[in-house]
Amino acid sequence: MKLDLLAILAQTALLLLLAPLLSGLIKNWKAKLQNRRGAPVWQPYFDLAKFLRKDMVISEHASWIFTATPYVVFLTALLVGLMVPMLTAHAPLDLFGGALAVIGLLALGRFFLALGGLDPASAFGGMGSSREMTLSAIAEPAMMLSIFTLAITAGSTNLSQIVLAGQGPGWKFLDPAHALAFAAMFIVLLAETGRIPVDNPATHLELTMIHEAMLLEYSGRYLAFIEWGASIKQLVLMALLANIFFPVGLAADTTPAAVGLGLLWFVGKLLVLAGVVVVVEFTNAKLRLFRVPDLLSAAFILATLALVSTFLFR
Amino acid sequence: MNTPPTETSSQFITLLASLMLVVQLLLAVQRMLVTNIRLFALQSLLLAAIATVVACVFGAWHVLVVAVLTLIGKVLFLPWWLERLVRRIKIGQEIHPFVNMPASMLICGALTVLSYVVARPFTSLERLGSNTLAVAIALLLTGFFLMINRRKAITQVLALLTMENGVMLAAIALTTYGMPLVVEIGIFFDVVIAVMVLGILVFRIRESFDSMDVSKLNELKW
Amino acid sequence: MLLTTILCVPLVVGLLCLFVRPRALMEALNIAGFVGVLVLGVKLFHAVLAKNGAAVTEWNEFLRADALSAWMVLLISVVSLATSLYAVRYFRSDLTSGIATARRVREFYVLTPTFATGMLLVVLANNLGVMWAAVEVTALSSVLLVALYNRKTSLEAAWKYVMLGGLGLVLALFGTIFAYAAAISPTGGGAHLPSFNWSHLLAMAPQLNPHLITLAFVFVLVGYGTKAGLAPMHTWLPDAHSEAPSPTSAMLSGVSLKIAVYALLRFHILTTACLGTGYSRNLLLGFGLFSMLLAGPFILTQKNLKRMLAYSSLEHVGLICVAVGMNAPLTVFGALLHMGYHALTKPVLFFTAGNIHQHYHTLDFTRIGGGLVRTMPATALLLGLAAAAVSGLPPFGLFVSELTVLVGGFTSGHVWVSVVILTTLIIVFCGVLDKLAGLLLGPGHAEPPRETISAGHIMAMGWPLGALLLFTAWLPGSVRQLMEQASGIIRGLP
Amino acid sequence: MSLPMPATLLVISLCGYLIGAVGSLLFMRRERLAAGFAFGAATLSGLSGLLGALFFLAGGAGVAPPQFELFPPLIPYIHFSVRLDALSAFFLMLVSLLGLAISAYSLGYAKGFFGRKNVGVLGAFYNALVLATTLTVVADNIWLFLIAWEIMALTAYCLVSFEHEIVETRKAGVLYFIMSHIDAGCVILGFLLLFQASGDYSFASLHNLGAEMAPGKRDAAFLLFLLGFGIKAGIVPLHIWLPAAHPVAPSNVSAFMSGVLIKTGIYGLTRVCFDFLGAPPLWWGVTLLTVGTISAVLGVLYALMEHDLKRLLAYHSIENIGIILMGLGAALMFLNTGHPVLATFALIAGMYHTINHATFKGLLFLGAGAVLHATHTRNMEEMGGLIKRMPQTAFYFLIGAVAISALPPLNGFVSEWLTYQALLQGFGTTESMMRLIFPLSGALLALTGALAAACFVKAFGITFLAQPRSAHAEHAHEVGPAMRLGMGLLAVVCVVLGLFPTQFVRLLDPLTQQLTGQQISVQLSAANGLVLASLSEKGGTVSTLGITLMAVCLLPVPFGLWLVFSRKTKVRRGPTWDCGQRGLTPRMEYTATGFSKPIRMIFKALFQPRRDVQREYDFSPYFATNIRFESHVEEVFEQRIYRPLRILILRVSRRIRTIQHGSIHFYLLYIFITLLLLLMFAL
């Protein structure tokens, strides 16, 4: 095997650049739907730039865990991004890990984020960590099951292999297993990216927040890294959803033309998906915290059904 | 010497054995302590008589030794010693069995029947009398029942001794000549010593508990 | 004259103790006597081995020692020696605290050799009647020992012991007479008295009257079974064991029960040889299993240390009977091995119980309240070790013997019996562990102060455990040979 | 007698433990010497054993297992023979590795007992325990195995009860010993069934015996071994001794018990299922897999409810044993369906997780011990802020926490990855309904992993981060060098096992060759050993080392951003935001109980939490002057099975006991009735 240095660099750049845009886009569209003008789609870039230039205040109770967390979150998000096929069917770091590594790395980021929330001795941080870990404990198996459904069909856990298998003859989305798994995965996406109805990314209302509660003590460049990491994670998850369930348009080779076409397809799919997310956010209210597990359990059950149906309809 | 038992002697022995059983039944219903002891003496006397008859009829002279030992030990010495004990501990004229008199009679009857059933396969083996073995087993079982039914320590000892009588009767009945002399003497002395040990204990119990009622000895459990 | 000497040594010691004054002399006499018996026992052991299957006899076969007897003689001598060594400190301490009087102590030193003589006679007598008389001697001497303290409870225990034991002996006598009668009838009632010797009866076993032998075995089973503490005739056992002075408890539990089992075994061999069926075997198996099963609940709910130990003895006697009842080479061998190992373990347990009683003046678990490792470290250590041994934990030999029995049971088709044995062993273990953990461990109270015990006394108490460990790690080939011969005798092999 | 090198090292190790035990007792009066001698000897012995095992395993599959007798036989049929085959060597490696690290740690840890407890006894029992455990895994004879097995239980009991002044400890010890005696009983019965078929006590004669046994007996033997070894391993619902006994033992012993002792159950199961019984029916594998899955999920759920640090870790042992059993169960199922290569793969997953769990659980318990040593409490609610006071311990604990949460790139991730792959591959192996069990187990494994992560966020966060919650935690100090050495050693092993899986898997070749006849380490390695592949590159690959290296390569991105944008920014230390109140107190921090509350709510049906709120108020219930809140979670098995059973047994016993109620007349009556019955029926 050989590591395609160019591909790595390109995809890293893509992740770094596209992720804030996607966040901005979703925010903007949401505002539009709510009859507001909303911030411009470039706003996240400005925010990041500003955070990076700001001085930092670090809690006197915090330890090195607090310091390490932003880097871990940022790097795991990037690493995950390099493992997910985006423009080409072959992800740059495909060989270093497939679906399981993706889930594992995301969990590692979350692990540190939760520790970072606990570190400054604030009750909010603890609350956020507790909720985050609880919800992810249910979301993660659902995600894993829905990926398993695809992995079993493809006979591999490597995402590229899954994509390649999906690109094979036959339009698989009509397969009930796929549909159910997609539904489950979509719910997981909402939960993992902190979207309504699970979490409200726009609020700082103390009692309802989850993700934001963990970040409360972060400022300056650490906040930038974490926010950036979060938006990369959002991009990666959406890419995952878009590419492994709808593996059309991914470039089979690395000729510029194919990659360009892949980029177009990719952006198109992301826009559609972002639209769906915005619509969901717009039409739903945030759930009570103890109702959220019901939603996630529904995802879990959908994923299980997906799995059972691969068994039944094969 | 291998003379077959004569009809008369055999009948005589059967009669004596039956008398022993009757005495046993009397013991079962008798409540007076001293009378009980004397009844036991009478029973032992009957046993000694049987032994004498056997010794005379068959010329088995060492059985006579058994008879003499029984006479000295069980007819004379033990009753005397026990009566002395009763006098010394001063109580126990009345005894209250667990099962009332008619019921005890009934049970003793049933046990006697059982003994006959048990002894039936062995009647052919008996040399003496026709039912001696059955009587012996009946003595054993009714003696056992007496032991269970009586509260006073001394009556329990007496019951044990009547069982012993049953055993001796069985020994004579089954083996004609009794057992080897060493064994007989050994058994005899053991029994005497046993009774004396029992007497010592009874005396100590009387001192410690102010009572001879063994049903009150229920401190130790589980 | 080896057998006679073995019998005479303790008897003479007992008689001498009647007359000597100083206590130290009595102690020394006892110890010396039992050392002598042990030495003679080892000599007998070699003599029997040298006979290569035949028996050592004396007095025209009046005394007879085969491998089984020799094995029992060894057990008796070891336990008696352990007892006499322990008794020194025990009674000195009793005397200083005024619990026992000098007269009582003398009684002990006279009766214990008598007790031992009785037991030795049981195993050495060839004549079944004499054997019976000897069992009676052991019963009577031990009754007086049980009643030694003259407390209310000890009198009660003695009374129950003597009444139930006496009753059992009467029944056993009845059975013995039947066995004798069974021997007479085939000879046609000749003028000559048939020999009442066991070896003689065994030789003519096929001609014995099977009905009478069956009847005899029933009576002997109930009779000697009472003495051996087989359930449901065992009821005297916990009382007597708990109320006797601890040295006596050790003798009772360590060998006396096994002596009764031995007597039972002699009849079992005879019955099997005569009937040629598993009649007596199955009865032994049934009673043994019942004893084992019954011990469990009592141990689980026990409140008194010595009673718990007594029920443990019940269980072990049951195990021995079951093992003999299964009648496979391994099980019988295991049973004999188990007798030996148990005889080395149980006395130590009772010795420690004696120490605890003298220290706390009670054996009630709740009243002692635990913490023995603090207040009496040496005793607690020995108790813990011995309890581990008696529960069948390695590295102690009872694990080996129990597992041998189980293996034998499995390979001889008694799978379910083995499962029941194992289950009861586990239940008993749970009970013992629960009680002893409460007794030994814990913070303990400030009162009473720590025990003072010299190293010599610890040795005197604990040496059987050392012997147990030694013989677990290394079982001399000659001992194994002896046990194999004995197991051959029990299984009726020529 | 000339022995090959591994055997010599093994003998040295065994003798070393023995010398350590004896010496420790001899020097009992001088505790410093005793501790140094005992644990020093154990450390060296552990090293020797580890080297021996490694030498043997590194020799590859072709090396004949060395075999020798420890003592002459006791009775001709009782041999004490030892054989170091690959399976034994693997577990010897595990025992010795943990023995080495824990003994080194104990050199420091024992100081905590000086002047308080008898360290000589601790050292002696500890050495005896390690010795017995070592013997258990290398025994080649039923007798030696059972003897070592029982001695292991006995010594472990003594160690659990070491601090017996506390009631809880005594109770836990008794419970442990009772359970392990039941387990010994089951194991004995199982071996008796095997012996019945083989007629020989040596393990060699038991090899592949299952084919010759009647199916009923074979199944009975399997169930008995499952019960017996299952109790030792702590599978649900036989686990109840584990969360009771592990916390109360001295921490080095807890580490050994959780790391090694329960693995002997796994050793037994592996030995029996793969070596002795052979050719398993499908339901064996299904049973193991199901039991494993249930243990994993329930273990971690109960762990989440704990705020006692060591109990929490103990429950995680149950979880991890479950994960190991999932691998073994899958392997059995593959053997049945005729996929030896896949079976080997699943077996490797199980074995890998076995050693991983040993290392990280050992590490975590040592860390917990260090915390206990420093704060004198096991209650997490009284800890906090320790990362500043004991930085090294915190770091090691964090490594353990990351590893046990199966997060990349540490070893827990690798073995769980292997397990996932095995489960996923299993889907295609059979057409029966049973194949559904694989992905479902996989999903539950995912649930387990996620919950474990939540639990260790709690464990690490509440223990080490934020402000100290009590004076104990406030005044804690870093532990001594010996203890840090022990933890550091295991932490390094965790990292190495995580980063170099393909190299480690090669050591397992002799083992798999022995048990399934396959060697697949080559198929598991891709890209010159950089990448771990699931049998082929197409099936799925992962490279922890690659991920780590890549992460290092990506580091310039954030640092570059820092350099470009934030060179001039300043970092200020300030108080945590307190909503404008007057400072935060530790009482305002999130507690361990609070942290897991959402999970308690979600799994309410399982936990059935009892809460008890008492309010005191003056005039209106809305203005309470005093509120007392209590909440309990009780284990459902304890509550529904064990306690009723115990009560039932005691009640029946009391009922039976009444037959001996003191009246001599009744006693006589019993004999009378016995006699009559015998006369009537037995004649």
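Letters A, B, C and D mark the chains as written, and numbering starts fresh at 1 in each.
Just so it is clear, a contact is a pair of C-beta atoms (placed from the backbone, for glycine too) under 8 Å apart; a residue touches a chain by one contact, two chains touch by 3 or more.
The structure presented is a predicted model; accordingly, all values stated were derived computationally and were not measured.
**Student:** Take subunit D away without moving anything else; what clusters of touching chains remain?
**Tutor:** Drop subunit D and the rest splits as A | B, C.
**Student:** By mean C-alpha position, what chain is farthest away from subunit B?
**Tutor:** A
**Student:** When I count C-beta pairs in contact, which pair ends up with more: B-D or A-D?
**Tutor:** The comparison resolves to A-D.
**Student:** Hey, how far is the Cα centre of subunit B from the one of subunit D, in Å?
**Tutor:** Computed value for the inter-centroid distance: 70 Å.
**Student:** Just curious, how far off is subunit D from subunit A if you go by their C-alpha centres, in Å?
**Tutor:** 35
**Student:** Report, in whole Å, the distance between the mean C-alpha point of subunit C and the mean C-alpha point of subunit D.
**Tutor:** Centres of subunit C and subunit D (C-alpha means) sit 44 Å apart.
**Student:** So, what's the distance in Å between the C-alpha centres of subunit C and subunit A?
**Tutor:** Each chain's C-alpha centroid was found; their separation is 78 Å.
**Student:** In subunit A, which residues are in touch with two or more of the other chains?
**Tutor:** none
**Student:** For subunit D, which residues are shared contacts with two or more other chains?
**Tutor:** 657, 660, 664, 668, 671, 675, 679, 683 - these are the residues of subunit D that touch more than one other chain.
**Student:** What residues in subunit B touch two or more of the other chains?
**Tutor:** 118, 144, 147, 214, 217-220, 222, in rising order.
**Student:** How do the chains pair up in terms of touching? List each pair.
**Tutor:** Applying the touch criterion to every chain pair yields A-D, B-C, B-D, C-D.
**Student:** Which subunit D residues qualify as touching subunit C in the complex?
**Tutor:** 71, 74-75, 78, 143, 146-147, 150-151, 154, 161, 164-165, 167, 170, 173-174, 177-178, 181-182, 185, 188-189, 192-193, 195-196, 199, 649-650, 652-654, 656-657, 659-660, 664, 666-668, 670-671, 674-675, 678-679, 682-683
**Student:** Can you list the residues on subunit A that touch subunit D in the complex?
**Tutor:** Where subunit A meets subunit D, its residues are 1, 12, 16, 49, 52-61, 63-65, 70-71, 74-76, 78-79, 82, 93-98, 100-101, 103-105, 107-108, 110-111, 114-115, 118-123, 125-127, 129-131, 133-134, 136-141, 144-145, 148, 151-152, 155-158, 161, 216-217, 220-221, 224-225, 289-290, 293, 300, 303-304, 307-308, 311.
**Student:** Spell out the residues on subunit C that touch subunit B in their complex, using ranges where they run on.
**Tutor:** 127, 129-130, 132-133, 136-137, 140, 143-144, 147, 150-153, 155-160, 162-163, 166-167, 170-171, 173-174, 177-178, 180-181, 184-185, 189-191, 193, 196, 209, 211-212, 215, 238-239, 242-243, 298, 301-303, 307
**Student:** Okay, in this complex, where on subunit C does subunit D touch?
**Tutor:** So the residues of subunit C touching subunit D come out as 159-160, 163-164, 167-168, 171, 214-215, 218-219, 221-222, 226, 232-233, 235-236, 238, 283, 294, 296-298, 300-301, 373, 388, 393-395, 399-400, 403-404, 406-407, 410-411, 415, 418-419, 422-423, 425-426, 429-430, 433-434, 437-438, 441-443, 472-475, 480.
**Student:** Would you pull the subunit D residues touching subunit B in the complex into a rising list?
**Tutor:** Contacts found on subunit D: 657, 660-665, 668-669, 671-672, 675-676, 679-680, 683.
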